[in-house]
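Order of writing sets the labels: A, B, C and D. Residues in every chain begin at 1.
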């Protein structure tokens, strides 16, 4: 497979479509990003790296961090984790409280905000310094020691955290969050503020294309079953209220973030990351969605 | 891969677990089925057939027929189909009306009752005799000319169709159903009453493991993209409010029916059908779910 | 109290406000009504009649008929009636199915469509000819022998009954409707098509201002308690999703219809009916709402 | 009217019914109340006081304080208040977030928790010391200078405020709360912790039976229209998801609290307060509901 040529073709075709979208504006750190940025990185499970566009520039990974937090907690708590959070798609926007009320404070899945807050609560119960733990994990799986969060973004997130505090207090009222909510939201905000390039993120996601084995150290961080299950959750829940559409058009397990990044994998074959900050109305990168759709269409295969 | 041994192992292990469940009782034709029935058929894309248990006995495929109806309509209406029905998981029980009201009569996906009624309405607009068309399609893809519906089941379904009539009239009130509702429900009831054996159903599902090409005639019934997309919809929407759990534990696109059947595929590898009439509270076969979970666990791979 | 002068003042003030609204257009019989029509009739519990504007012209009473159907059924079934229908406001539009699903087919109250369908089902269980029974009741309490339904309106209603059929089949699927749905919808459509003038309707509503005693015959049709309870239901549930606003601004128990009529009572004092076909977005007459608000404001009293 | 005899009769009849219920247990200050307590106080608009049972013992008025907060804010903000909170019944439990999400952070009415938090936010914008303001108001209208909050209850409420914090942060995320949420919840908790006897509370509610005029000073605190409108809101929204049932059975505007108190009025006639700490599943006092039902039944009149 000539991935270099494929990526170049996808890149040019997406550019030619002149897709519109809206940049996230709720904090200045996201609002001020150059909206023309666009990059794609693909890394095969043999370690071959293919990149096109702005792939060496850091961006805010935002909700994509939810997958890493899950990957840290899951091997420790194992299947008992699922007593505190479900694995079903929510069919609702990312920050909805509606289902939570009907389901007694057990979030539908770990990739919506409510579920991610429970995962961060788990992290806080296990680790003294949860944000350092997640950072260390990402540095290890991406083989990039200098990955860090952006302090300014974290602070801005904190000043715009009413909705997440509402979610956290709501879950706490059902007893499914143990932390002090203020401290929990702080951990969560730092986690969302981690910055990576397309290539770094693709390196990190190689873990999920590689049955849970760290490509760079050969260490088994997740069992085969855990890796498969995280992929399943990404497939059914990784794109909020657009997960079905992503499965339909792209057919890869993946996760998007409001910073414009989308990370996905074809298990056994490759990881791929696209970044473009213009979002559609569901909060997913318009160019990112289209690029991945073209990628699997041109490839002629996906998980399906 | 020694599928014969694998199936035998799964079969024995499931039997040993003594799983409970409830047989569907709303019509006598389902209620009177021997609840100890249990069979598994797997067919590879090379055509090798492996069977264990009650695989040569007809059962009512019920909602699994929704996939065939979709496979008939989709290549004709192409992407315009999605103006009338979505591709997102519903996060609700199979016969829920709740989302429909918030979404103006466009069902979330074609594999819940509301969406399947719209698909049947499409069939009725295109074909004079929609139930014959679906039967012909199934006979062709399963290479089994004698497949038919059960008249008694169809009549029983008709006498228990209040909820489906409610769904149909509701969608019609938004203009998204054109047929006379009584006639539509009749078509739909016959479609649900089709009877097949595990092996016949596995033969028919080979289509979705085989990129849309009829294994027995080499005819391309679905484009590669259409086949992939139907698999994506099965993955995210094939098990009602348990689709996430099925993706999580099994990791195969599939569809279940209230008659106790589950049909699934590993694209490029095989189709597999399990039948056992005892259902869990979500309406999916308990033994079927467990058998497929064990199957992909023992195999060590799934789509993820 | 100089009601004549009061009504004249209210009438002129409403006219001067030039209130907008939309006429109901789903059937020609409503769409073709002259939208400038506007009349107010008030009758005291001493029998004094005050009228201004188009008070002697028949209009389609539509949902106001729900109160009469309730008044026929309640004294027969007594408190057992409330096992089949609740007395709580729905907080949803008049034809919503959402709550019904969460509440197992027991409608929130008898004045929304779902609840009224259950009441009509009760009527059909008790009376051979339910529509005649309701008509007889209205003729008696309004002291007007020639009140009748409009055949053309009833037929039009029948051809636009998908939503109501959806409600009926939905309730039937929970076992809370016994009738054949087609026949039930026919009874219901005729009931909604009854035509009365403002004055006739005010005479009929005198029953609810007069503790359940027919003013014209002195017959006790409802016990004091039943009359009080029907008024309570009108107060909390008579205006769909605008019941709170009507209580807030007007402060009288009442019921509106999509034909533009509103009937209300001040128990012990008077009944009052306003008719103007222009509706607000909740389906209540804009001039009617304003007229009654001005009436109780100028009067200086309401039930509160 | 021999109110003395009437109250005695109601009191004895309720006692004889041996009604069950559950005491509120989420904080020790409520859990430790003697559950056999039961008192009724009625005060006519002429100032005649009638009492039976434990009417001189302080209890926690809890949500009944919402009516006083509303009565302080409404005459200041006038009709502009309703841009921030609605007047429609919610049809949901007192602390539900569901509707809030569909209605963009504007609570349905000021007598559910979400709406009361907005009212407290208004208080905090206007007054430097909102809890003192509310206390002063209650002291004035009840003609009882020593009314105060219970510090222990307020502190306990604060340690059990996750759900209310969730509501407040949620509304704040829509911009409809301006206060710091921690401070807002503190004000709100103190307000809920005010303690009064049946007789004191009946004196205070005389305001709403007396067209907004303070019976003890003759000062007009609310206009006639404001008083009528607060009564209308109590009627349609004062009992959470049981408002319709209270209107139906009792027929008086009123408000209940989880401390077991219910305060109600018959405008122009009397105010009445019942206290008994055993609650039904909707959170309303079982003996209180029954006592008021018997009262209006025996009286033979209500607002309806």
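Here is the rule we use: a contact is a pair of C-beta atoms (placed from the backbone, for glycine too) under 8 Å apart; a residue touches a chain by one contact, two chains touch by 3 or more.
All values derive from a computational prediction rather than experimental measurement.
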Partner chains shared by subunit A and subunit D (touch criterion as defined above): none
Whole-Å separation of chain centres (CA-atom averages), subunit B against subunit C: 47
Centre-of-Cα separation between subunit B and subunit A, whole angstrom: 32
Separation of mean Cα positions, subunit D and subunit B [Å, integer]: 54
Touching two or more other chains - residue numbers and ranges from subunit D: none
All chain pairs that touch each other: A-B, A-D, B-C, C-D
Residue numbers on subunit A that touch subunit B, as the complex places them: 86-92, 99, 108-109, 224-225, 227-229, 231-233, 235-237, 241-245, 247-249, 251, 253, 267-268, 296-297, 300-304
Subunit A-facing residues of subunit D, complex: 96-98, 100-102, 162-163, 165-170, 172-173, 181
